[in-house]
Amino acid sequence: MIRFDCDYTEGAHEAIMRRMIETNMEQTVGYGMDPYCDSARKKIRAACQCPQADVHFLVGGTQTNATVIGAILRPHQGVVCAGTGHINVHESGAIEALGHKVLALPGVDGKITAEQVSAYVEAHYADEAAEHIVQPGMVYISHPTELGTLYSLKELTELSEVCRHCNLPLFVDGARLGYGLAAGDVTLHDLARLCDVFYIGGTKCGALFGEAVVVPDPAVLKDFRYHIKQRGGMLAKGRLLGLQFDTLFTDDLYARINARAVEQAQLIRAALNARGVSMLIDSPTNQQFPILTAEQREYLTREFVLTHWTHLSDGRDAMRICTGWATRDEAVERLLEAIRTMPEA
Amino acid sequence: MIRFDCDYTEGAHEAIMRRMIETNMEQTVGYGMDPYCDSARKKIRAACQCPQADVHFLVGGTQTNATVIGAILRPHQGVVCAGTGHINVHESGAIEALGHKVLALPGVDGKITAEQVSAYVEAHYADEAAEHIVQPGMVYISHPTELGTLYSLKELTELSEVCRHCNLPLFVDGARLGYGLAAGDVTLHDLARLCDVFYIGGTKCGALFGEAVVVPDPAVLKDFRYHIKQRGGMLAKGRLLGLQFDTLFTDDLYARINARAVEQAQLIRAALNARGVSMLIDSPTNQQFPILTAEQREYLTREFVLTHWTHLSDGRDAMRICTGWATRDEAVERLLEAIRTMPEA
Amino acid sequence: MIRFDCDYTEGAHEAIMRRMIETNMEQTVGYGMDPYCDSARKKIRAACQCPQADVHFLVGGTQTNATVIGAILRPHQGVVCAGTGHINVHESGAIEALGHKVLALPGVDGKITAEQVSAYVEAHYADEAAEHIVQPGMVYISHPTELGTLYSLKELTELSEVCRHCNLPLFVDGARLGYGLAAGDVTLHDLARLCDVFYIGGTKCGALFGEAVVVPDPAVLKDFRYHIKQRGGMLAKGRLLGLQFDTLFTDDLYARINARAVEQAQLIRAALNARGVSMLIDSPTNQQFPILTAEQREYLTREFVLTHWTHLSDGRDAMRICTGWATRDEAVERLLEAIRTMPEA
Amino acid sequence: MIRFDCDYTEGAHEAIMRRMIETNMEQTVGYGMDPYCDSARKKIRAACQCPQADVHFLVGGTQTNATVIGAILRPHQGVVCAGTGHINVHESGAIEALGHKVLALPGVDGKITAEQVSAYVEAHYADEAAEHIVQPGMVYISHPTELGTLYSLKELTELSEVCRHCNLPLFVDGARLGYGLAAGDVTLHDLARLCDVFYIGGTKCGALFGEAVVVPDPAVLKDFRYHIKQRGGMLAKGRLLGLQFDTLFTDDLYARINARAVEQAQLIRAALNARGVSMLIDSPTNQQFPILTAEQREYLTREFVLTHWTHLSDGRDAMRICTGWATRDEAVERLLEAIRTMPEA
């Protein structure tokens, strides 16, 4: 079976593995204070054109989301996000476990708009009983979203303006940021300009694990290392994180390997479209959500592992097909061939 | 101005005030271990026909909800309730502050059904990623609901059966229970049979403050006094709570004063209906939600304080009119007169 | 039996009860926005000579401590206090329940010093592993302490200076403040000058219940009403709190009734000393801790309820004798007589 | 400079790195459900002679401690441990962040006794105000302790008996368990018999990272995978953990490499003793705490990185010297030589 069910089925890019072997028996200090982390921090700051930024390395996405959100909010505040936001649906209540309500807005294709946030905040303060309601304290978006969609630079700019106007820190979950950078018009520099905190996903974008949190204005996450330690995210051998991001941000590796996965996904999408298959969501990134008949599904899943996404009322099902930095061209070829030969709708 | 905006605008029933004066300089032990609390506990157990029940006295509703829910759930669990549930919308995130997600289901007129709960629980365990999703750990309903509606005995029985089948404790917020007992077919004995925890509201039903938590099977809230103390709900002079509930459960006072308020509310409703005013919700209890034109609203609010509930798309507004144990018949008379003379719709 | 075991055995001062009866059927808005709360706030501000202060009313001490501390600290911070501090030993972990470590310093007679705080903070930041250790985020003291002792104005001034130097808010638990004001040289104005938050205890000092939180610089507890609501401390009929403090701060009632209790306690102490009984702690306030032989203890506890405080290695026991605003002179007389006639040591 | 300051300065054992490379491009499911995790679980169960045990893999120690403790305790409970316990002093308040007080007992050489636990629990329930005090809910010990000491099988057996008698789960932090197994008389089988939860440390004992939590009776940590996810400890590419523990538990690798480090540490200790240097603590494991003069310290730290442990009142300092699974014999040789040539005390 060939897996197209998610983008974390393999290990790490070989360049990372090579350096891990090379440096394995070196002795360094722990907890992210080593030279590899320093070097990675420098390269990330440069890539973001944000020399004053703080950069912190954590192990995984849920951990990063919770640690950042917990460090920003006050006890009476909640985090505004799309109903489909990862923190709202797939983190086992990690945000609530820190004491905060997730204030879910109905999103469209996984996204929320500047207007929605603005209206929500206005409605809160207009309510006579505002003090009896959780106060909106920050905004969380995912880019790409959990549905593979992207904020345009214009949309992100508007959201950023509303957030600043409302004094709400804007936090971008970039667990799949590599694919977003490849497919959209938002750059790392834009993120550093427009957000208060964002992270550059490693786990799904070429690393064994690791997320690089970028804080353009370090005052936003004062004392953040205490929080990382308290939340269990401070890796003893922190250099493993530094080394990986240092490698990914050398010679544009991060950009290259993730762009390739997006191209593969778009080939798959085109092949599906050519067979008359429509998509649940119009995704420009590495995740595709074709709507398949039972026969088509059965045909494809003989050879490929796909994720079942949702059941439609007409009896068809939307599936998720993911490429990733590690997807081999031969695997894509075989999938394209299978799409070409699968039953008619 | 005469207030009909809520049911906690006055102090307490005069019988309570009288006993508070009489006993004021008595010396008793603190923290709810005094003879007045003991006596109140006995009377409540008798009223519930549940001699083995634990009865605890707390000061207010939000505190009671949070303390009970926090004592029942495990960290990875959330509480299922209607989207309009008080814990979901009007407690400033008290439940999340204890670490738990509120799992809000779309309610109809403030209520959820046995089918909904059953389907939700099934869907949870059927999800391959269940462990990444907050586990449903208990069910919370309000009776009456925040919209004045009631569960019928049949509905409550079905809900109870589903909860027991799914091993989910059922908790009933009875902040306005007095009005519910007067208007519906569910008795205290039914609550003791069908629920795992419920409380008998004092604050809105004749007391200065206080909620009596009934736990038919004490094992459900083992060590609950530690929780009460930790959450700040253990009143030093606990006898003030005992004394109030002891009085309310003497000579059916609780039943009598709350039944009267329901009658008053139904008179008001009839008068509104007679003027062609329709109600946002069909409420058999002390809260009524008439839909008024701007002119009607303006006319009534010259003399009466009502609560603005919601703005309708046709330009009209739903208002909330509340009677309560303290509502004087003369006040009702004046309101009825005003309704009779207010402008046509 | 006559109770001298604590200072919350009776109801409230008769002047409070009288006004509660008088105003019982008045209609007011809830949640502390009523005229009685406004009036009480004004009187407290005047008594503190601090016209810009915020004043909030909560129901009980544990609730107040937790709500204030939870509103001030950031997640990675703890609260510095004496090992004997109420928050460290007698609140069922209410502070930890909000996520914060209590950083207990060894106190002397229930007090900590400016030097201790300063040394603790310095040691924290000097530690290479500081980020792995809870950061001191504020200082909590009780005045009077749990052992009846008092900070002198000099001691409080020094503590305040260190706290300001270290940027640590200073919070004073004044659950028994009335007795402290009567017995020491620290005034309400001093507290308003030297602390960031303090509260004026009602429950133990003449009220049925209630604590008045004073925030000289309101920015220190921004949005505090959200916190009060979330933590379950916002009384629906908030006027009950306003009314009580309004009464206590009319015609110096608070000062008068608590001063009288201190005088009674000092009479008892003198009588004990006259019999050669030594005290565990040198307390100038309403709590006295005589060290008694088994025979003396047995003799006194035939007629009086005292609190057992601690067992000494020589076989004797320290007991706590409390007077309070409600202690009758006849009761004191009988206790003095019993002390005069109890067995020799 | 050669580092002897801690046991996490290098990467992982070469056998682990080799397998990581070999399997790098394999595709597996995530979150610990892959064949490598399954295999590692089997081997660990076998090594513990506990076929029914649950085995979970987490990334780091603080995370593991918090996740386990948070999953066991109820909100009103705290965890009993030695004052020097890692959870009490070096985890940035991770346990309190989950709502629980750390109930620190004065330890001797980092250990607590069965008698202490028993007395503490008895005193709690004997206290009239027990409900106002955090309830002891479990016991945490480290083996080896933070000071390198070990519980003997007899001591552990007694502790286990008391814990069972008091109904307190016993949890053993085995961050350095490899060194403890090599140096003491407690086996994995003993741990599985005597504890409710323990973990086998990987990070400090040969792995890149990872801790294997063993739950002899799986009911003790029901639904634990929800907790792991919620606390941010569920690694997406969980196979990295499985692979490492599978390797460590193949051909006794774990036992062998850690035993070697203990031998090296004992050689260093002997050399120090031979020079008349005394030890702060009598540690049979890989951590040694020699008390050095300023001259000796200055001499050794020219070539070696040691950890400063504590300053003694006589002007000398206790240092920590750590060997580890990765310590080369040549490094030990050079240290032994330096010890032989360092200044007299």
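Note that the chains are named A, B, C and D in the order they appear, and that numbering of residues resets to 1 at the start of each chain.
Convention: contacts are C-beta pairs under 8 Å (C-beta built on N, C-alpha and C of every residue); 3 or more make two chains touch, one makes a residue touch a chain.
Being a predicted model, the structure only gives us computed values, none of them experimental.
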**Message:** Counting contact pairs by residue number and requiring over half to coincide, which of B-C, C-D or A-D is equivalent to A-B?
**Reply:** C-D
**Asked** What is the chain whose Cα centre is as far as it gets from that of subunit D?
**Response** B
**Asked** What whole-number Å value describes the gap between the mean CA coordinates of subunit B and subunit C?
**Response** 34
**Request:** Using mean C-alpha positions as chain centres, tell me how far subunit A is from subunit C in Å, no decimals.
**Result:** 50
**Message:** As a quick test, compute the distance in whole Å between the mean CA positions of subunit C and subunit D.
**Reply:** 42
**Sequence positions of subunit A contacting 2 or more other chains** = 75-76, 91-93, 97-99, 131-132, 226-227, 229-230
**Complete:** In their shared complex, subunit B is touched by residues of subunit D numbered 31, 70-71, 74-76, 98-99, 131-132, 135, 223, 225-227, 229-230
**Complete:** Listed in rising order, subunit A residues that touch subunit B in their complex are 75-76, 78, 89-93, 96-102, 129, 131-134
**Asked** Any idea which subunit C residues touch subunit B in the complex?
**Response** 2-3, 6, 8-12, 14, 17, 20-21, 23-30, 59-64, 66-67, 91-94, 97, 203-204, 208-209, 226-227, 229-237, 240, 326
